[in-house]
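Two complexes come next, and they have one chain in common, chain A, joined by chain B in the first and chain C in the second.
== the complex of A and B ==
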């Protein structure tokens, strides 16, 4: 993801801003890292350049099914 | 997993472009402007066309992780999302959506990703309803929604939902097929 995406995404739970912590970058894009809600503290992963902004209950459901 | 197995997996797990995609692309190439979100992008084919053939800045989203990867492989900016929930207010001038719209028997539902790409629940409108209720929030003033509607989903019922959400509507494009009529609605509001 490009860092400019931060302007248009938010926490799916409370619509507050997200803070980026990039652990891997390539060609100006964030490949891996996390997005953390500045209000509720929920952490969303970025993997292979794709932020996973599913609400936590949907994410957990999937992890449980896997 | 081998590349081949991965590819086969993606082909059965991600909705590939069909007549409905072509119609949405046609409407979008004509009417999309500014920052544009495609919800439920699937293979990313529509979003890629808008991205390469217009000046729009395109973001694509999907619930399905296989679809997200396929769309990203096309060079798109991708977010894995449940409908519009992680998008900020007043972010987009255009929102595109070709929803899963086939009315489906509840006993046969949600068994895999392809089912999720096609099924609109018992009414066919299970995803259209929450989408229409929330899309006004992410639209910039003067923005528009291009929504694909099938006659199988109930055209009048979708119009009523759009009106309830405060939208004016007009037909952008329409095409009839043996078993359904597909319409792309342009929704705007003051």
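== the complex of A and C ==
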């Protein structure tokens, strides 16, 4: 994802702003890191350049299935 | 859900485009892209969201036409294919992919000019909350397709690995009315179901498609169409009557918020209940 995506995305639960913590960047893109909701504190991972904004209940369901 | 699991399997994602849109499937691919472009285009400078974008077939096409687009899907495997495709075609500047749930979208109200959901509603047992959510993030248009209940699709669906929910026209009309959306256009196509084409060599598929189009142009052809495309609009928000609303939308995301959104407790939003 590009950092400019922060202007658009919000927390899927309460629609509040997200804060980026990038741990890996490449060619102006964020490859790994997290997005944290400034209101509820929910943390959303960025994996291989793709932010995972699935609500936590769907993420857990999927991890359990994997 | 059966459908979601099937679409998320890694091997399914890897071969998805080849198997489903190679050879005979190209007939389908072309028609679907045409349907999206004619309803959503021109997209130059427009903000577009595609939900259930999969490997980004439409996302890539719309970005190529100049849209600023977000492709959202639940499947990481599908999105990785999409990301690769977009990088290879040099469109990364205009495309973002992300994982998300279409009933709880990570976007503010009225953000996009158009929201596109192709091959999406047939996966949904309970479509209403999804349609409402698509409407929430769109300030003008929601475009989607359905597979029809009254067609050869009924038989075919029974054989599919991922299952399918089929819709009647009444189902769609009442879904739209419940989501407070207005129908601006509809198109019905493919008398023969997609799976029929997919298994044919390209030249045979094209011949059948010609016959299919001929039948489809008749009134009974419409009646047995297997796919319908629905172009819905958000009432009370800028319509595209004179076409220049999209361009002035990007100076400030919040200009029309509050004042013109039609969310005032549905005070006058229930005129269509007896239309079905």
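Basically, the second predicted complex is superposed on the first by the 66 of 66 C-alpha atoms of A that agree within 3 Å, B and C clash if a C-alpha of one lies under 4 Å from a C-alpha of the other, contacts with A are read in each partner's own complex, and residues count from 1 in each chain.
Definition applied: a contact is a pair of C-beta atoms (placed from the backbone, for glycine too) under 8 Å apart; a residue touches a chain by one contact, two chains touch by 3 or more.
Source: prediction; values computed, not measured.
Once the two complexes are laid over each other on the shared chain, residue contacts for A:49 go to chain B and to chain C alike. When the two structures are aligned on the shared chain, A:58 is found in touch with chain B and with chain C. Within the superposed three-chain model, A:11 lies in touch with chain B and with chain C [touch as defined at top].
Of the two partner chains, neither chain B nor chain C is touched by A:20. Applying the stated contact rule after C-alpha superposition, one finds that A:2 touches each of chain B and chain C. Taken together, the two complexes place residues 1-2, 5, 8-12, 15, 48-55, 58 of chain A in contact with chain B and also with chain C.
Remark: chain B residues 35, 59, 63, 65, 68-69, 72, 77-82, 85-89, 91-92 touch chain A in the complex. Chain A makes touch with chain C in their complex at residues 1-2, 5, 8-13, 15, 18, 29, 47-55, 58, 65.
Across the complex, chain C meets chain A through its residues 5, 70, 74, 76, 79-80, 83, 92, 96-101, 104-108, 111.
Listed in rising order, the residues of chain A touching chain B in the complex are 1-2, 5, 7-12, 15, 48-55, 58.
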